[in-house]
Every structure is written in structure tokens, then in C-alpha cells.
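Below, subunit A partners subunit B and then partners subunit C, in two separate complexes.
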Partner chain A sequence: MSALGGRVAVVLLALWFALPLVPLGLWSVADRWPAGAALPTQWGWSGWQQAVAEGGLPALGRSAALGLAVAALATPLGALAGRALAWGRSRWHGVSAALLLLPVALPPFALAMGLDVLLLRLGIPGLVAVVGLLVAYAVPYTTYVLRSAYAVTDPQLEDQARMLGATGTQALRTVTLPVLAPALLAAAALAFLVGWSDYVVTVVIGGGRLVTAPVLVAAGASGLGNEPVVAVLSTLMVVPLVAAVLTAPLVARSLEASRTRR
Partner chain B sequence: MPRAPARGGARLLLPAVVVTGAVAGTATVSVLMTAFGLLPLVGAPTPGAAAFVALGGDLLLGLRESLVIATLSTLLAAAVGMATALLLVRSAGVRRRLGALTATVLSVPHLVGAATVGLLLSGGGLLPRWLGVAPTAWPELVGGGWPVAVVLELAWKESAFVALVVTASLSRRLTDLQEVAAVLGADARQRLLRVTVPLAAPALLASAGIAFLYAFGSYEVAWLLGRAYPEPLPVLAQRLFSSIDLAARPQAAAAALVGITVALAVAALAVPLLRRWGVGR
Partner chain C sequence: MTSALRLSGLSYRHPDSAQPVLTDVGLDLAEGRMTAVVGPSGSGKSTLLRLVAGLTRPDTGDVRVGDRSVLGLPPERRGMTMMFQKPHLFPHLDVLDNVAFAGRVAGRPRREAREAARRYLTLVHLGELASRRTRALSGGQEQRVALARALAAEPEVLLLDEPFSALDTELRSAMHRLLIEVRAALEPTLLMVTHDMAEAALADEVAVLVEGRLAQVGPVEELYSAPASVAVARVVGGFSEIGGVLTPAGHVSALGTLPCGAATVTPAATLLLRQETVGITHGTDPSATAVGTVVGTTRVGARQVVEVSVSHPRLPTAVVRAEVPLGTATRIGECVGLVVAPDAWCVPAAPAAGLAETADG
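Let's turn to the complex of A and B:
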């Protein structure tokens, strides 16, 4: 590929990835944007006021809580399973690894319907079923990330710490966990995203009584004339994640730098 | 010496296996029983395949629509994702600029993606405004005769996923092997076809497989951007499931069961294929 061709390809791909995000930025600060106009004719914050009036902030809080709950449960499960799959050997390995990946193949709407049908009969609160199902969907990711991390970590590190007098728990806490910290963080972030982004599970189980940010976005986007408030809520769903994604390499680099300086 | 934490015994697998198995197993059995009339909301069970018969052609059309959406969006995502990965591994400058963009797209929830693609591609959307096309003259990409916007949204998000997975698998070994090939006299085209593509193939196929399964089971994108008829399986099932007509519930479960069965069949077909290609090694 010539240098010019390469540059054109980069520009086209940048357009492909960036263009769909542009309407969010423009509509979130548009007070008036009549049909046919290339840009808003009146800029302003009415979308933000409307988003707050419609309960956008508590909805974002509920989404964050859902994401944190899923991360808090799916990360330790993935760490245990990842450790077993990477470091151990047992005849259950193949079956377990396949079972833990299975949710990737199962459509969320279908499993959510199955659980919703059972809620009344079994007396399980809807919120428990929502979190449980989302954890099952997050476990393949946390297991995969932590299995890979354990696979490149030497199991003998813990043995050496214990030979130097550390208890098993101390060895785990002071040797293995610090080595695994970046992978644990990455796994937790992926699990958080599963809860934070979910729409269909929350809507199907319990009929959408849990009003999360995606539930508000969907309600607005399926109607007409809600563009500003949809754009504001969507922006609020994306910006914290983008900030995290963009600062993660910087944080990793500064951690790395402080470690090498010591 | 105090007992060491288990290095990797089967009992460490137990919590994750129990949670996943209990949730997925219970839900699947419940869908199965509801679809065959064994778990009615009220009244006595009426075993049989009545729900499938009642849905009839809609079930087949829904399945076809789901397969079309998943196939087209996966092909597009794989092509764009692979092209992106090839550019990302080529230079650090591109990696800085395009890498941040793909990571951003990856973190956008699909529902938000569907909302913003609607604001881009509908008659009153950004694209016709910027191109100076009247809303009435603009093709019906959203909710029209073909699921164009649905396929584009899924391809957009999943191409970022494919790019990330392929880049991760390539960046480890590519430079060394490229240099060796160059020293041995391979030209740019040969290096691409004989070194880069075989090296990327396992990650490309695995990520495309996951993208296909995601698109096949995805609800919100087709619900927001798709046409009214025929509906893909998830949209058909959820409309029936939330219907006030309680008799529609077994039909919703029937559509869900077809979705589960086909997705599992695709996964069962894909896994040995991926093994042969060296995925997971």
C-alpha cells in the first residue's frame, strides 16, 4: 500500500468510527434545529434541564450501581475460575471452560424471558434475577481476561513467598494480587460495562420497573421530538467511559514509571 | 507450614460454574417448558407445540431476518475491523489516533449506538442535513424495506471489537516475523498474504464468531432502527412477551427457544472450526 493510500484509509476509518458520535454532540447543545438546517439555529442547555427533570441523574446512578454490582460479583468468580483454568489440571477443565463461555452464545432476551416467567413462582425479587443474569453474561469476559493473566504469571512466585515465611493468604495478597492488579481492573471494567450498558435484561425482567439510563434513552429514542434529551443522556452514558478508556494508558504508564524508578 | 491457597483445583471453578450453570440452565429450561405449554401463567398446563404452529411463518421469517442481519453485519465488521487492525499495527502514530477512537466506540452501549445512528441516518438525521438532501428524498435507511441502519450500527460497534482482538493477537509477533520474511526476500504483498493474514486469521475468526452471535441475539438495535415487518426473533419475541394477551407468552418463548437453539448450533459448528485454525492455543 502506498503512503497516500494508507493515509486515505486512515481518514476513511476515522470517519467510520467517529461520524456516528457527532449527532450526540450537536443535539445535546441544540435548543432549536429545524429540518433541513445543517447546524442548530439556536444553541443552549434545554436538553440538559429536561434530562435532569426526567430523572436522568438517579437513572445514571442506578446504571452505575448495577455495573458495580455485576463487577463486584463477576470479577472474583472470574479470578477463581481463571486461576484454576490457567494453573491447575483436572478432568473437569474442558467441560467447565466450555460452560463458562456458554453465555456468549445464548441470546440475553431469551434467558431474561425464561427467568421472568419463574420470578413469581419461585418468589425471587426481580433485581436479584437481573443481577444474576448479568453476572452470568460477565463471567465469560472476567474468566477469559484473568485466565490469560494467570497464564503469564509464574505460580512459583507464591511458593517462593511462602518459603520465605509468608502464609498462603499473605502470599496471595502481597505477591499474586499486585501482579494481577491490571488484569483485575480490566476484568472489573468489562463486567461493569455489562451492567452499565444493559437494556434488554432490565426491560424483560420485571417489565422495566428498574429505570436505568438505557431505559430512559430507549423511551426517548423510540418517540419523536426527544433528540436533545436522548443526546444528553447518551453523552452522559458515554463520556465517563471514554474518559476512563483514554486515561487508562496514562495511568498504566505512570504506574510503570513509578515502579521502575524504585 | 500453613495450607496454601489452592493452585488450581476443580473447587476453584465451582462458584463460577454453579452461578453460570444455575442461571443459564434454569432460564433455558423455563423457556423450553413455556414454549411447549408446560408453564402457563394461569390455568392447567397444555402440553404441545401449539405456540410454534400459531406463530407459523412469522417464526421462519423472523429467523431469516435475524440470520440476514447477523451475517451482513458480521461480514462488514470483520472487513473493517481487519483493515483497522492492519493499519493499527503498522505505525505508532496511527495507533495513537485511531486506537483511541476504536476504544471509544467499543465502550459505547449498543442502545446509545442505535440512538445516535438513528440521529445520523434517518430522514431528519445529520447525514441528509449535511448532504443537502430533503428528508423526503432520503432513502429509508431507518425502518425501511431493508435493515440498513441495523446492519450498519452492529457493524460499526463490532468492527471496533474485531479490530481490538486482531490487533492484540498481531502486535506480539508480527514485527519480528515481518522482518524475517523481508530478509528472506518477501515483498509487501507476500508479507501480507503469507505472514500477516495467517497470523491474524484465528483472532479474526474468533471475534467474528462472537460478533455474529451477539448480532443474532441483539434486541435493542433492531427494535429501534429496524422495519416493522418482518421482525427479527428478539423483537418478535419481546413484542409477544410484553403483550397483554397472556396466550402470546408461549409464542414468545417459542421464538426465544428457536433463537437459543440456532445460536447454540452456530456455536457448536464454529468451535471445532476455530480449534482447527488454532484459536485458543
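Let's turn to the complex of A and C:
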């Protein structure tokens, strides 16, 4: 009975997430969909052609690069902070944890506006500032995920590796990181999504010069008659998330398999 | 025989504590020998191993392996390995690669490291589990793999931090038999920390750590027959402590005057009686050393420990524990005679101990 209930819950949850994507998918292949019509009245690829013409592909490329840059910086920072919070013995744990979570608690727009002025005065290049600020937003997430992973990993595991002849770096590389691999992947995925889907920081700090996919989507959505282009770009933006959800079990299985093979 | 490991003047105080954890600990381990360190909880046993291993830095003192000081070396370059209380198998590696770990990090080719690992797995009777995932092992198998992995590192000294204490009695005995086999086959130099005297008896020599200081080092027989102090007797367990005075004729207490060997010349002395050397007889038996009243009985496996209180008009009451076969008819309040073996042992009276206390087993 409980297994059946679980299955029903999964189906309902999948529907909850999938429903908004149905009109998006339909719009992306609709050349005409008048208000009041249940389905598009004219099908076609004009939305895709328009999206490419408006620089949709480079924008997606920029978003991906931003996501990767944020993941590449926020994951190791989160690992360091998570390790210190879970394994350290500092009296200031509470304060450190609160400070790390602060960027999430502050309204992004206010923070971005305030920092924009500061960064302009300091002469920090816009792209560096965008990446830096997004990393600050992503670090609380990566820290949270990796703190939990470190908390369930015995620090003596590294001592054990050292006692078997591994240097500190070898112990980290050959024991701690492989043990934490699933959590590191999850943290990196979260950090990637912070960069991939950001709008506010990119627009305010980037000053409109950095055109990413969300910037293009927002510009299209604010005008009239751009629904097909917006739908195409939005659909493409959902791809990494859907891909992550679909491949997560496969990645977990292959990690498990490589553990038993090595 | 050459010295494989020499500790001298090791002291350590935890940064958050006013009291030192270890004070001036010195110990010498001959090559191929096994030394056990015993002591009550909090006596600094595990800290001592961490200092030796290089996982914690001592405030003073030296650690020498062979003829070189390893104090300035990191743990991985000290020529030692350690087995912890938990097996700490690496979950991302299978059994064989866990055992081959030391070879791999030392830079040996995978095939060579695995071949060596297979030999050590066979030594611990787990050759057939080489490709098993570590999660699929039982607790006993995990510790066997951990032992094989430690041995495969081919250390000059193997440190054991209560590695069998989490196992049940049967598995622990099996691990003890395995350790004896391994010692016969490889003759490793072993330093083991334990709180279990039965486990310590596997060692050639036992060091007793009390409040961070070494109170006695010697063969286990010596600890049972001639403990250096009341504190050592309490760690060993199974002694009755009888307060009294040492005179040329022997130890005078509520039990009478008993001839005894002594680790003291001070007048105030505690007579230590091993519970298995005290017999019980009828209260009217003329051969009884003293007569007293049964105040308690406790079953310990196939034996029972009977507590007998012996009063004296002028001297403090003595409580003596006698270990007798299960089924020996005694009841609380019964008057019984005590037969004490003639080889009793006296130590200086413990400052904090009363004159008539029993040691806790």
C-alpha cells in the first residue's frame, strides 16, 4: 500500500513539474496560436529560426560558461567551508554558518545594486564581478550539501589513509574526494544552475553587455508576439535540469560500478 | 634484540585542558615483540598512539624507529601503520584494492600491489572475498581486511588502537587467534592499546597507564602477581584491597597477620588478594585464615564471586572477594571461613582509598 502511495506521489510530482512545460513545448513549435484556441492553429519552426537569428545559441553558450565558471569556483569553496564546519572544532561555527548563508537571505536585487556602485568605483571588470557575485550566491548551497556529506564521513578515514603511507594530498585525492564524489557532483550541479539561470546579477552588474539566455528570454518576454522565441529559449534552458534529473541515477550507478571494478 | 620503537619523555597537554594527558612516558619495544598498553578510560592510551603515529604532536619527548628519530616526520613517513577501533575500509574500493592501497600510494604498479594484497588476504583467510564490495562484509570480515591492509603496508611497527573492541566475544576470540597466527608468520613489532586484560595477555609485555603516566611495565604474569600499586591493581582488576600495617611478621589487618611479598616498606600498606586465590570453607573450619559474613555474590560466566566481610574489634572491617565455582552454596548473611593463599602481595596504601575497600574488577 505504501509502495503504491509512493508511486502515486512520484507521478503527481512529475506532473506538477511537467505541466508548465507543456505550453512551452507547444509554443516552441507554433507559428500561430491565437488567444482562446486550445491548440496552435499553425505549426512551424519560425520560433527556432528567430531564436537562432537573435543570438540564442551564443547566449546559451554564455550561460553555460557562466554556470561552469560558478560551479568550478563555488564547489571547491563549498568543500573547504563544509569541511571546516563539519570537521573543525571552532567555537564560531554558528557565526560562520550564518555568514555563509547571508547572501541567500539578502534580496538579490538590492545586493546587486549596492555592489554595482562599489564594483564600479573599484574598477573591477563586469564579467569578473558577475562571476564573483554568483559564486557568493552559490557557495551557501555548495557548503550546505558538502557540510552534510562531510558530517557523515569519519575524519579518521583520512588519518587511516595517512597511516597507510598516503601524503595529505594523496589522502584527499584517493580517499576523501572519491568518497565525497556524489555530494561534489550534486553541489557542482546546484552551483551550475545558479550561474546558468541568473538574471538579476547578470543584468545589474553586467550592465547589459553580457547577454545570456535568461537575459534574452526576459527581453523577449517583455515585448509582444515573441512567445515562440521565448518558448524555444526557455525549453532549451530546462534541458540541463531535465538531463540532470534523468542522468543522476545512471551516474550514481556507474560510480557504484566503477567502485567495484577498480 | 634491537629496539624497533623507543619512546622517551613523551608529554602532551590538550590545548583546552589544564591537566596534561600524558606525562613523561617512555617505552621500549624490541623488534618482533608485542606490547600492550592498558589503562582506564581517559588515561591517555589512544593519545599515546596518536603521538607515536605522528597524528598529534607531543609537547616534549622523542619517538625513535630503529635508530632514527621520527618526531619531525609526517605520519606516512614514520614506517608505521595503525589499525583503529573502526576498520575504516575505503568504501569506493573493493576488498583487494583496499589491501593494495599502501602499495599503490607507494607508487607500485597496480598488478604488483594487487598480487601482494592477495597474499595478505590469504593470510587472514579471506582470499575468496577479494572482489567483494566492502559494504557486503560482516564486522569480523571488515576487521580482517583492515588487518590484511595494515600488514600489506609492511610497516616497521604496527599500532593497534583497540581494533577488536567493537566485535562480539566470539569474533574477538577469532581475531585474537588470527593475531597469534600473524605474529608467528610475520613477527611484526606491535604496540596495542586495549582496555581488555584478556586481550593484553596476548602481548609479551604490558604497560599500565594511569592518569597519563606509566605506572608499571612488565609481563602480564607480573601484573597479576605483583602489581606496583593499588592503581595498577585496579586496572588489572580482580583484587581485594585490604588496608592494614606492614610489620616484620607480615601484613596486619582484620584478616590477621599474613606473610606477604611487598613492593613497599612504608608501615601503611594495602594487601592485594587475587580473588581466584581465595577459597571459601565452613565458618568452623580450623584451617580458615579468617571468618566473615557473606555480603554479596555475583555470577561471572561459569564462576561466582562471593564478597565476605571480616570484622575486627580494633581494626577496620575488610571486604574480601573469593572466586568460586558456580553452584557453591552461599547465601547473604552466612558465616563462612576464608582460605587465603600464602603468596599475598602488599603495596603502599593508596592515599584516596579507605582501609577496607575492594578493588573493582
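To be clear about the criterion, the second predicted complex is superposed on the first by the 237 of 262 C-alpha atoms of A that agree within 3 Å, B and C clash if a C-alpha of one lies under 4 Å from a C-alpha of the other, contacts with A are read in each partner's own complex, and residues count from 1 in each chain.
To be clear about the criterion, a contact is a pair of C-beta atoms (placed from the backbone, for glycine too) under 8 Å apart; a residue touches a chain by one contact, two chains touch by 3 or more.
Remember, predicted model here, so these are calculated numbers, not experimental data.
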Once chain A of both complexes is superposed, is A:Leu57 in touch with subunit B (first), subunit C (second), both, or neither? neither
Which of the two, subunit B or subunit C, is in touch with more residues of subunit A? B
With both complexes overlaid on chain A, does A:Leu26 touch subunit B (first), subunit C (second), both or neither? first
Who does A:Val175 touch here: subunit B (first), subunit C (second), both, or neither? second
Just checking: does A:Leu164 make contact with subunit B only, subunit C only, both, or neither of them? Give me first, second, both or neither. second
Touched partner set for A:Leu15, first subunit B, second subunit C, both or neither: neither
According to the stated criteria, A:Pro107 is in contact with first (subunit B), second (subunit C), both, or neither; which is it? first
Check the residue A:Gln156 against both partner chains and state whether it touches subunit B (first), subunit C (second), both, or neither. second
Please report the subunit A residues shared by its interface with subunit B and its interface with subunit C. 159, 162, 167-168
Residue ranges of subunit A in contact with subunit B within the complex: 1, 6, 9-10, 13-14, 16-24, 26-27, 35-38, 73, 76-78, 80-81, 83-90, 92-93, 96, 99-100, 102-118, 132-133, 135-136, 139, 143, 155, 158-159, 162, 167-169, 171-172, 193, 196-197, 199-200, 203-204, 207, 214, 217-218, 220-222, 227, 230-231, 234, 237-238, 241-242, 244-246
Residue ranges of subunit C touching subunit A (in the complex, touch as defined): 53, 55, 74-76, 80-82, 84, 86, 88, 90-94, 97, 101-102, 104-106, 131, 133, 149-150, 153, 159
Note: in the complex, subunit A contacts subunit C through residues 154, 156-157, 159-168, 170, 174-175, 178-179, 181, 259-262
Quick one: in the complex, what on subunit B touches subunit A? 1-10, 12-13, 15-17, 19-21, 23-24, 26-31, 34, 39, 41, 80, 83-84, 87, 90, 94, 97-98, 100-120, 124-126, 129-130, 132, 134-135, 153, 156, 159-160, 188, 210, 213, 216-220, 223-224, 233-234, 237-238, 241-242, 249, 252-253, 256-257, 259-260, 263-264, 266-267
